[in-house]
Structures are given as structure tokens and as C-alpha cells.
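One structure follows; several queries about it will come next.
Chain lettering (A, B, C and D) follows the sequence in which the chains are written, and residue indices restart at 1 in each chain.
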């Protein structure tokens, strides 16, 4: 599928941006729009948006069918996402669609459903420094990223992160206050690829950081479908080789 | 927890055994009772049973709290298992309880929930021969098992099996009709261990086979909890190291 | 590195082809030349050859530096490959060069060195049928391959294959005589990618099979370097954050 | 093999302790003796020692045959370890013997041979603080260890650590100077288990720390052989199922 335009749908709760002045100032059109705008400026990527308060959360079957990669942002309203929409997104991921979960989407229904675990962690909001170490410089997601990059002021997430052992951990974070975190984690489920990326907070300009944006762009390319085919069926099949009769 | 008795609860739909004469004849007290009887004859294992039609499917909080390993058998009534009970079992697995899913439990709600995938496969019922190759002779689950063992007449399950790449595949099956299957698969989720084991069918005396019983017994010992602690909380924590003030 | 031509070096012992009439007839210019010819007919791939009896086995530093992916074929003369050349190839793989080992190269020094294991297996030569099941239809190496493909007459390789658990098993083989085998295995070591592919025999026209050639071509594209940088150095580094003095 | 005494051989270069006054003072009988003394005080463990300057480095076939787990400490004389002894230890690990490599043994021939990688890393000696986060509280190696433990003054090791992705990372370290490190890593090779544990330095009393000693003791129990059988042979085998004649 090389050369094809990658269609991205950036999903957002889009609540903080309406109710919190600080967030509104930082992301006036919403975090989803900020990320989509950046992606639309990249070669071969076409990004749209969807939000919780749209019908079917903006993710009807028709949209998902036409989407290569979903980026998910949620925080305060995970429980308002309908199980039906989560099940629909899940089927598409298993069929080959990519899924990228950002920051507080660690607790989203969709990530917890794909992982089978609680995705719990420790957290702290004192605007400390984070340094993300690139431990897989050969991985497509870290292309163009140096051996580490820093974010001067972040919400901290600390281990133990309750996730299945990732196929590949690409970033491990160091926090000024003393914690560590597996900040960039890759999995495959069904035919789809899933990336969790830690940075991002609604009250900090994380999604203006060029390294963060670069990683998200790389992840979109990495998570783009290789195939698109359902894993739901369990066919009854005929024998391929003769089976000798037994008495 | 060495030396402690391992408490097992063998769960069964227990429907076939009531409605199908052939099954009733083979497992008059139910498949769950057959497995529990075998386990109760082993050193250091104490097995009880639970069934779909009991209140809360026989798996109220009190039972799960006192259970080290759940063995799951289901086939025709997966959809009748309540989401609430599945969520309860899931929390206990993440907290450290072991889970062993047998044969058609590949499509159980609990396995699909723990895996995040569809757990689909190919299948055929012509009573062909299966040969299970032991590809991890050093693994606790294969203790006492030779380089392979055979089952003369089985229902066939064939790849592709829609599961997350297992931490360890301990058996790969060869079928007379031409398929292969990852028949013994190990995962860890949260603090719990999960084992899927392919053999077993309600109309065949699979659970009288000494190798099958041996593997189940070994799996019980392997899956017994190392710890028992919830992964549900996401605590807000104080910094461990001083964070220099920034203007 | 998309769009760049991938430079392949196909290495061969090139002994059978000189001493055995049957092999000579099948692969008159050598197995390496047969594979290179096929690759040279593909878009974006440029393949050369190297052989045991050339100086430095045809793999001096200059050649490896200019090579993206090495394909390795060996059988009767593994022990004649010099440790120095193996160490050189190993450094290049760790630096990002791809390595594809075919069939009897399971016992090559280079694969055993990269794996750290003995890479032993069972074998039999009775020209039986093999069916390779594609268990990862979404993987780049299986692109264009159906749910299985067959080879009518092969040398059999059976489990247990003494390898580290692969990152991904893409093919599992079924053999007429009753064995199974992990026939397509992927690993990453350092920044390099390694693929082991089972099919291939010097006295059978395996490397004329279109599925086998397709997999090798796909594997070349998958194994092409993402980066090229040494992992040999252990630098002494300065602290990035201030370390409070202790008395 | 439950209940059996675990026989450990603690291997040490034993050079620093003879030439460096500070080391001699800290470990008068050598680091190996300090670790062996601790292990000998534990239930069910019997530890001996071996050193570089003994005949065959203290690791003749007879000793290895009677050893369940080898603990390896080396630093300045890795290159003096003979390839023959390394090959012998490697065969025993593949056959089921456990191997625990401590601190600067990341660069030992035996670990690099088992891993197939360079095992390089960053380092710094300014006696900074290390905090080891226990990210697998359910793993046998972390039994009795809290969610983290600290070492007040250490030599720093930082990522990227050039190792194959571990089966399980049990500790991730945070360093005062700003780095992170996968400090407790588990692998299986052949039938043997391998654990790398970062802490330890010849001029610091790391091997008197009760958490460090606890982890080493746990690791000995985890790495004890489940089986002991060679993986070296590649047997020619007969068909198990009939192979129809082809013309």
C-alpha cells in the first residue's frame, strides 16, 4: 500500500476545550484539530476529526471504513463513550486499522479493550521535566528523533503501567521527580497495529512540540494498514489431505 | 506460595451433558466434574466446580476470592455468560488469579476479553488424528510430556488463530487433514497467568487422556498466583526527588 | 529510506553445484545466482553474489558496507567459514544490515552467532509434501501469499527448533510424515532484522517456486536497513541533570 | 525439581580485589565469596566459587555438570576468558543451566555470546543515586521487593542497552543524572534461563544491600534448571505417518 494517502481520523472528547479557559486558549479549535492540522501539512497524510458529542461519536461504520489510522484523545469522559462504538473501532483495528492512543487515553475504553488490562499508572501534576529516551533508534516511529528529547513541563505518569508486555518499547521516560515510564509502546492485535504515546496534556503546549509531533506523524505511517480483512469468522473447513477411515 | 494448596474452580456451561445422550454417557457428572475429580487426586490441589445455571454462574466474589486458578469450559452458550461476571473474573486474573481456557473456550467472553482479539480459527469435525508437538520441553506445563503425544480422534482447530502473539507457545498441533495449530499458549496479563489448551471435545473422551490431564495439572501449578493485588488504581503520588522551581 | 534501491548480496557455499550432478543440473550457475537473478528482476532491488571460495568469502568490509541485506545459503561447509568473516557480518547486522538465512543455513555460524542457540532440528529426506500456513497475513513478508502454500517434495525439518522465541512466526509448516515446524521466523538484533525461511534444498527446485521467491523478495524489503549505526561503543557520558553533592 | 538443593557457582575475575586497595577492603575474599556467603545462608542453596586464574577458569566440565546456576562477575579481563570455556558454559545454559550476569558482566563474552548482540550501554562514575522501579511485582525475581528500591551511590549505566528485547523487564532504573536503564532483564535460550541484573560495582558496597542480595537469591531460584538436556543434536528421523508414493 506504499504511495497511498493515509487517511487519519483524530478523535477527541472535546470537552476541556469548551469548559476550561486555559485549555481553550492553548487549543482554541480543540486538541484534535491541532493534531489534524499538523498531519495535513505532511506528505501523504489526510486527517479529519471526530468528537464525543457528534452522532455515534463521529465514528459511524462509514467513517471507520474510510479510515486507515485512528488517533484517540480522551480524559474526563471515557465512560461516556458507548460500548457499541468501542466494539466497532475494535473490529476495525483487528481487521487492520491502526490505533494511536495519546496520554490520558491510557484509560480509554478502546485501549483497555484492546489490551485486556487496566492500563493503570501513577500520576502527578507539578509541571516537572520529562526526558524521553529513544531506546529503538532503528524503529520507524523514532525516525528523525535523537537519542533523547525533553519536555520542560509535563504531567508525570509513573510505573507500574498495567499493560501486556509490549512487542517493542521505543521510549522510556525519566521524570525529575524520580519516576520512569514506558512512554512509547507498540503492539499488534489481529491485523492491526497499536501505539501508545505518553506525552500530551490539555493544559500544556505538548502538541506544539516538534519531537512529539514528529513521533505522532511517524506512528501514523507505522500504523497504516498492511491488510484490511476481518478476523471475526470461524469457518468450518474441509480436509486438505486424505484421512484414512478408522473402524 | 510454595507448599500452599492450590484452589481450583472448574467452570462449565454444563448444557451438553444434560441434552445430548452421547455427552451424558461420556461425562455423566459433567466435564467440570471429570476434570475436578482428576485434580482432586493430585497432591496439593483442591478443586471445586461452578456452572452457568448457578446463581452468578457459580462465580460470586466470595468464590473468586478463594480461588487460585479458574478452568473454563464453554461451547454453545458463551453469549449467556453475563458481562458482569466476566468483568469480575477479569479483575481477579489481573490481580493474579490463574485462568486456563480449554478447547471451545477459545470463543468464551472471558478469553476474548483478556486477549483483546477475536480468537477465531478454522474447525472441522471428522474425528481425525492430532499430534501435539512439545516445542518447549523445559517449560513447567510440559513436565513429564514426551516430544509429542497423539489423540486418535479429535475435532480439528486450524490456523490462523486470532490471538496476540503468545509469550510462549508450548504445543503446536499437526492434524491428519493438513492443518497446524498453536495448541498450548501462555500469556501474562496484569499479575495473572493465562493458558489456552486446545484439546477437548464434548463427544470424545479427551479428558480421560493421561497426557491431556497431565498438561492441565501442570498448567494449574504454573498458573497459581505469585501475588494477589489489584491493578485497578491509578494513585496520585508525591515527587520522590526535589523538583527545582522554574519561573 | 523509501524509494532507495536495496542492495542485496546472496552468499552461497557453492560446493554442491560443482560436485553433484543433480545439483549442477538444477542450479547450473549456483543457488546464489538463481536467487540473485530473480531479485534483479524485481523493482528497486539490485543483487550481487558472494561465495565461500572467494577471498574473504566474498564478504570484505567494502562489500558489506555497500550491502543492505545479506541472504545466506550454506550446508556442508559451515565450519569452513572463518570466524573473522562471521564477526564482520554480525557487526553489520547489529548496525542495521538485514540477514536472511535459508533452509540448511539454520546451522550456519552466522545464524547461530546471532541467535545464541544451537538452531538444531529434526530432519528427513523422503521428498514428502510440505504445506506452509501463513499465520500472519498482515505481515510484510507474507504480502501476496495465500492462507497457505504447498511444496510437493521437500526435505523435512521438524520441531523442536532450538531458537530464541521469535518476535513473530509468520509460517508454520505441516509435513506429510507428521511433523510441524516454525518455517518463517523474524527477529531483531541490534538495529538489524533477521529472517529465517525454511524451504530450499539443493536437489529440489524449491527456488523456482513462485511462492518461495515471493517470500524471499518480501523478506528483502522487510529486512532492508532503517538505520545504519554501530552498537559497539560504550561511551562515558556526562550527567544531564545536576547531582546534589553528598558529604 | 522442587525441594532439591540448588547448586550455584559464583564466577569472578578476582583481579580488582588483589590489585586495588579500595576493592580489597570492601570485598577482602572477593566479590564471588561475598555473594556465595550470602547464598549459603539461604535455605536450599549451596554456593561455591570459581575464578579466572584457576585452571580452566574454575569451570571444567565436571564443575558445570554439577552446577544448577552460574553467577558471572567480570570487568577488566573479559578478553582473557577462553573461548573454549565460554563455549562450554553456553552449551550448559542451552541444556538448562541458569546464568545470572551482574553489572559489568554486560560486556562478558558469555552474555554477548548468549545474546548475539554487543550489550553496549552508556556509563558514568560520579556516585549518583539510582532508583530501581519494580515493574513486575508478580515475577518470582521481585518477590519481597517493594515498588522500588534505592541505591545511594552507584556507577550509572544508561540506555540504549544493546540487547535483544527481553522476554520480561522486571526493573527499570532512574538515575539522578538523567538516564534510565532496563536493569533487570529475563531471557530463555535453549532450555536455560538468563538474568541480567545491573547493580554492582567493585568500589561500592552494592553486594551488601539487602534488596540487591534478595534479587540475586530470587534469581537463583528462578534460573534453576527445569530440565537438563542437550540441544546440540539434529537427528535424522523416520516418518510418523504414511507418505503416499508419488511417481
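Assume a residue touches a chain if its C-beta (ideal position, glycine included) is under 8 Å from a C-beta of that chain, and two chains touch if they have at least 3 such contacts.
What you see is a predicted model; the values in this text were computed from it and never measured.
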Pair with more cross-chain C-beta pairs in contact, given A-C and A-B: A-B
Farthest-lying chain, centroid of Cα atoms versus that of subunit A: D
Averaged-CA centre spacing for the pair subunit B and subunit A, given as whole angstrom: 30
Distance from the mean Cα position of subunit C to that of subunit B, given in whole angstrom: 37
Touching two or more other chains - residue numbers and ranges from subunit D: 131, 137, 158, 160, 165, 167, 176, 178-179, 188, 190, 240-241
Subunit A residues touching subunit B - in the complex, by the definition given at the top: 90, 94, 107, 113-118, 120-124, 126-129, 152-153, 158, 160, 162, 164-165, 167, 176-179, 187-190, 231-241, 243-244, 246
Touch list for subunit D against partner subunit B, complex: 2, 96, 131, 137-140, 143, 167, 176, 188, 190-192, 225-227, 229, 240-241
Subunit C to subunit B touching residues, read off their complex: 131, 133-137, 147, 158-161, 165, 167-169, 172-175, 178-180, 182
